[in-house]
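Each of the next two complexes has chain A plus one more chain, namely chain B in the first and chain C in the second.
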Partner chain A sequence: MKASASPAQPIDAANGKRALDALRTALGKDWVFAAGDQALDAYRDDYALAPHGDTRPWAAVAPGNLKQIQKVLEIARRYKLALWPLSTGRNLGYGGAAARQAGALMLDLKRMKRIIEVNERAAYAVVEPGVSYLDLAARLRKLGGRLWVDSTGSPWGGPLGNFLERGVGYTPYGQHSDTQCGLQVVLADGTVVDTASGIKARTDNLYRYSHGAWVDGLFNQSNFGIVTRIGVQLMPAPAGYRPYLVTVDAEENLQALLDALRPLSLEGLLPGRPTLMTLPRAAAYGATRAQYQTGAGPLRAQAHSRLMAEQARGYWNLYGAFYGAEALLDVHVRELQNALRAVPGARLHFADTRADDAAFKCRAALMGGAPSMDEYKTLDWVGAGAHLDFTAVLPFDGDVAQSASEAARELCHAHGFDDCAEFQLEPRALRLEIRLIFEREVVAQQRAAHAAVSALAARFVSLGHGSPRAHLAFMDDTAASYRWSDDALAHASAAIKDVLDAQGVLAPGKSALWPGRHSGRRK
Partner chain B sequence: MVSRRSFIKSSMVAGLAPGLLHAQTADRHNDATVLVVDGDCADTRHFTRQCRLHRLEINDSIELVETLAQGGQARLFGLTRDSSYFIVASMSALHGYRLTYHGVHDFRDGQCRHQLRGEPDAMNALVANLPPAGALWTCALAEALPRLGNTQKAALIDTQCQAASATARRGHLVSWCVERV
Partner chain C sequence: MTTPPLDTAQLHARLATVVGADHVSAVPSGACYGGLLGAHLSADLHPRAVVRPASAEQLQRLAPMIAELGHGLWSSGNATGNGAQRGHPRKAGVLVDLGRMNRIIDVDRRGAFAVIEAGVTYAELAAHVRERDLPLWLDADTNGAHTVAGSIASRYTGLTPYGDHQAAVCGIEAVLANGALLRTGMGALPGSDCGARYKYGFGPALDGLFSRAHFGVVTRLGLWLMPAPRKFMPFALALPDLASMARTIDRLQPLMLDGGLGGHVLIAAHSSDAALLARLGNDAGRSSGAPPWTLYGALYGVPEMVEHHGQRLALALDSAPAAGQGAAWDARLRQLRGEALYNDADGHDACALSFTLLAPASGADVQALHHAVLTRLAEFAPRLSVQLARRYLTLTVELPDESVADGDAAGAALAAIKDLLGAGYGLHSSSPALAAELTARHTPAGLRHLYDGLHTALDPYAMLATRGKFTPDKARRKR
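Our next item is the complex of A and B:
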């Protein structure tokens, strides 16, 4: 796969100066950051991937409100600038706060961090782009903790950015596309759209539809507008909560495990987003690979055996939770126990026996509505670590998952990485997230991670599995894998882009959506 | 209201780019110094026991955010795993803290390699004490870190000692100090 960064539309010095002057007039000089300003260092991929190349921005602005965003848009249209909006910029495994290509004007929305509303009665909040999950959780804690926030494993990111990047959490409210309730969007021409209600009805943020086409999905993983506000449904704290772990020793019993779980999943008896981790992925929460093996190359069988024995894990480790009154929890547990009888070597564990399991603690917190940063501890696996993720979606089918898992492990090992993968269980599908953990200062490892993701992407396309999200460096190639019917999907997206952003100022190349003025890059 | 200055600092994922900064207004009083506790390793627990200071638990992210937002702490320091340092450095940057000292303690093949970056005199003093301390290097560190001076200029010093350490097999720890600028 080729390196994919290239310069954005250049701006000459005279127009550049005029544009900066206009931006300073509109926002105040404190909130415009130009060449030479230390602030621009922030807009990079902190887990730099060597082959991805230079993505340095031309300048950055930090508007404080909607009106200022509209002014920035006006200036961007006038000077044909490439605006790259970002909220908290913490999506570190997929490019962080960097733009798709060098020369962009970063539209940094972190100053907009108001929690506009928390409605405890109807259980929702309305927040701006700069609000993190930690901010929201702190507010809910102050209010008495009657509502839970569904956080990702990276809670310094926020609900708005996470929704836009099709992120997920781990409670029953973990499908963030399903729990957003209303967007405020600024279109490229400055028009403000409120998707939940055009008339400011009393059901704003309670009922996500207005009348006619439902357009919220258009702004998800796209560059059709700038989302400046989001409604987020919050989960009422349940009467009870019981996290669990299922371990299965033999790698080849993945198929049996998933086939046993599928009926429960379809019936809604596996609430939330149970996560099935490989041994290295689960072990990395509380150990380093140096404890089990020195030298390069993936963990050997002997190290696996030691890890399983010392940490009481299987090769497969499923973290999930049940919610509700005690009697209901008992019923759920019985159903799960019954299903697991068909799985050789499956064991069910609860909190009382997992006090030393760092992965259990982290997952129990996340599944229990408490943001946890412990996911980052997995990076200690290699010392000063970073990660690059590849995600694929598969049918919820044991046979398919077994093959996909074997392909992933083979490619990870071939590139020198451990098999740090997890399946996130949805009712009918599996999201397979493969994490390449590497030493972030070691360029050879950066390159190896990049090569591994390229190989994974190619293999999974050949197996017929799509990828629902991609690092900046892989967006074009990922989009190119969805080529059915002479690229009909890409053509439809391009047509929408041309209508909503005729001058192509918004995030050129985001998710491979190139505006008309970059027509050469369209597929 | 967020100032331009704090906004710029907040944008940095500080943990990944340990550039040292002169801390102009840091209060040296111990009440304003907070030890960030990462209790998952024997060496970090040992280090914690040596430091009689107000403590902040790394595992409670919300408490960390709230403590930082309340202000009042001039400096935070710790001996932690790299990920804990990364989290604290980045979160504290949101509230105007900058890195003024950074040390890497790398265990490989029976040796512990210390790479220290900070104020030259303090680093020289620390280096003089670390190797002789051997397995008790965390004690030397615990004694030195709360007394670090301001970083007018930074020196990078590389030294190593025998790694007769409880966490020798873990591979990698970092010590660090962030101060409100």
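Our next item is the complex of A and C:
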């Protein structure tokens, strides 16, 4: 085992010792990790990016309940410590279990992992921060499988942390910001807020809004509070389920494909979050690039052709699923077939012919409410891989998507990466997620990935395609791009931050929310 | 209340420097703004001026001016007052009426969304869609003179699959107390064409602060519209008594939950249907022999899918879903199509005393609510209607103005609500005459503390709403 890295020191030694003593008194010494403790090594970005610099924490604590969180907050305020909350701590591709800056006191909520309620009649669950999608799925299975969980491709993460990052899954409940219902939050001053009705009504996790302002969205991608509980709506297991794959060979037929799908998507006939993957993105589930090309540089045409032939796929590969009784599934299929007539070279496949398609297996599981870790295999594309994503939101429009995809490919290739992108289809918009897969320990590759995302962001923002999520290293730049009308939104958020967390103890820099920005009191 | 130094003429003159003298006036006599200025508010508490900006830019100049003059800022989309917000209660007020900001900026046929200013009414938007023959449906309030933005601000719900008006909003533009103009979501990215296509930008979402609260004045919004369904199958069912209504709710609940019934289901008491018909100038509703409750709903979508769900519905209801008949059916049918039913520009149609409660979607709960409401309010002849949503139901209680005249109806309503909140039910919304009191009584300490903090941050001059002082940790110490 590696020797533990020396932690960063935010306060002087004497105060540091006092603070640690206070934390140990509050939580018990087993749940406070400081210099010399190997456990501290876990609080880092496993997919680190060299240019982002040092994010080593000062110490970490793992409270077991709300009262202990309030005590930690008190101590953090007293000693002016920066607290960085983590739920399951699997934010891989976006900063992992690291804080924005070195010297933080990591607030690890993994121990708070109760599934507080599963309501089968109204189809929701209430869970604590440490509950993973795997945990929740196991519980639902045990209860008889009448409810599905909507998991991400990273199911050791959990509903609470993922919601806070505005993450997505792939069933019809896949926009996690739309299926959350009820939060419990501790503000920086220790106040506990229950959103929804806030009166502990039986409808708190049934109805998303309250009698007054609807505040839940404030805690998304922010540092206005520590979230300790979330209500998540669950999908009733449908009467039937049919995953499908559409392949289209020619890269330039993306436009035709999307334009054919758009009306269906708007009518709700492409339920869930169908994902349209490029060839390398889909291929990576079941192959490594070394099998197709040796040496650096993006895959060449010859490798593409071989991959398409051997894996029986196209340059474009759309993974989706239909839900409901058999009769409904048949109607869905007919509608899709009709639409695809307008798309040169489009072919529709089902499970019976995709037994060898690793991507199909993984996507079918995720879209079918069964968490799968198989997406992690795609990172082996380059050996011991890691990834960094750049995501942009585009209108659901074939023409715009075609040029965006060409720009993405050009920039990926220019930085030495394959075109590992996917479009996620929403009724009115497309999320284009461009994935840079790099060798984890190779600093030059980390730099290349960082440079590629910088270039992608610059290009896409100039085209008016905003990015809805960012790695710690890109939070400041991403937030700065939402600058309409003299940064009005940023100013409003900064004003809220300065009132709710006057001492700036909560996650400084999360989503570019730095303390003291509004009042002009900078650190 | 401290009287500000300016006399009314001076105040009007100052406001006119921004909007022109034609667009500043006293509150027109008789204007009620949908109950905002109702009987519950004595005339000396009414705003001293109504000002009608033509643009967000004018409002950006007005807001700091109103603050500087020591006034509170009230706001309303237009004279109907739907979604109107009261300004700071201890300050003299200026009411901003957004009725002139009624531009329809875009209705995108291919993307099925609209971008509209805050003064646009459902009638205007419907006319726009109709004139261009766009294959899009709205989900309107019953009063077509209501503004869309106001409907969202009051969390009105309709019956189509787009009936959750809050959920159909995509991107808001608002003027804050300090005059800043902000956009939420993708709209905050210069040059983005996804402001009305994708709800989320980067960082915290402030959208929810602009409904049933006063953190700023909405000036524009993106609204998702429903592509015209290929098949529309409306149905009605007479329910002879409360027990059968409760049973029906239990049997429909699984269909609601899995999305088999795309929209909301309305169960209207006879008195509620009759009141609607009276509003439409039709007294057919008074006819005797009508069932005490009628259920209205519809299926929307691809024909075979509609038929499939129709068969499931038939099993649940013990009869094939069929159209209703009569005047009430005609009106409800239009509602199921998302159409407004009438135009009442001055907002006098708004029921002064109404509230909507939340309950789990179960028959036992609807019976319990019904019982508790009648226990407290029978003497005021409440008109009841139930809406079934995917995971909950609402019970709306309207106390007719005629019956409210004598007796302490507001007091009785507050008592009924208290009973029900105590029994674990939730509060969805309430008319202005009740809202302030209910907020004061029933907002729990933690949420109130958060609201106070947000008001401190976004309304530093305390012109928009009343608030407590934000003393960190206060709520906690109180517990």
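Simple rule for what comes next: the second predicted complex is superposed on the first by the 506 of 523 C-alpha atoms of A that agree within 3 Å, B and C clash if a C-alpha of one lies under 4 Å from a C-alpha of the other, contacts with A are read in each partner's own complex, and residues count from 1 in each chain.
Operating definition for what follows: a residue touches a chain if its C-beta (ideal position, glycine included) is under 8 Å from a C-beta of that chain, and two chains touch if they have at least 3 such contacts.
Note that the structure is predicted; figures quoted are calculated from it, not measured.
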Check your understanding: Does the superposition put A:Arg141 against chain B (first), chain C (second), both, or neither?
Key -> first
Check your understanding: After superposition on the shared chain, which partner residues are touched by A:Arg428: those of chain B (first), chain C (second), both, or neither?
Key -> second
Review point. When the two structures are overlaid on chain A, which partner does A:Ala451 contact: first (chain B), second (chain C), both, or neither?
Key: neither
Review point. Between chain B (first) and chain C (second), which does A:Pro155 come into contact with in this model arrangement: first, second, both, or neither?
Key: first
Practice item. Quick one: classify A:Ala250 as touching chain B (first), chain C (second), both or neither. Key: neither
Review point. Which of the two, chain B or chain C, is in touch with more residues of chain A?
Key: C
Practice item. Go through the superposed model and pick first if A:Gly385 touches only chain B, second if only chain C, both, or neither. Key: first
Revision key, fill the gap. Overlap of the chain B and chain C interfaces on chain A comprises residues none
**Study point:** chain A-touching residues of chain C, taken from the complex the two chains share
**Key:** 110-113, 155, 166-167, 170, 176, 180-184, 186-194, 196-209, 211-213, 215, 224, 227, 229-230, 253-254, 257-259, 301-302, 304-305, 308, 358-362, 391-392, 421, 424-430, 438-439, 442-447, 449-451, 453-454, 456-458, 470, 472-476
Review point. Across the complex, what residues on chain A touch chain C?
Key: 70, 121-124, 166, 172, 177-178, 181, 187-204, 206-207, 209-222, 224, 233, 236, 238, 262-263, 266-269, 325, 327-328, 331, 335, 393-397, 426-429, 431, 461-470, 478-479, 481-486, 488-493, 495-496, 498-500, 502, 511-513, 518
Review point. For chain B, which residues are in contact with chain A within the complex?
Key: 2-4, 7-8, 10-13, 16-17, 40, 59, 61-62, 65-66, 81-84, 86-87, 90-91, 104, 106-109, 169-172, 174
Review point. For chain A, which residues are in contact with chain B within the complex?
Key: 30-31, 33, 37-39, 41-43, 46-47, 62, 89-90, 92, 96-97, 108, 110-111, 134-135, 137-138, 141, 155-156, 286-291, 294, 358, 370-374, 376-380, 383-386, 440
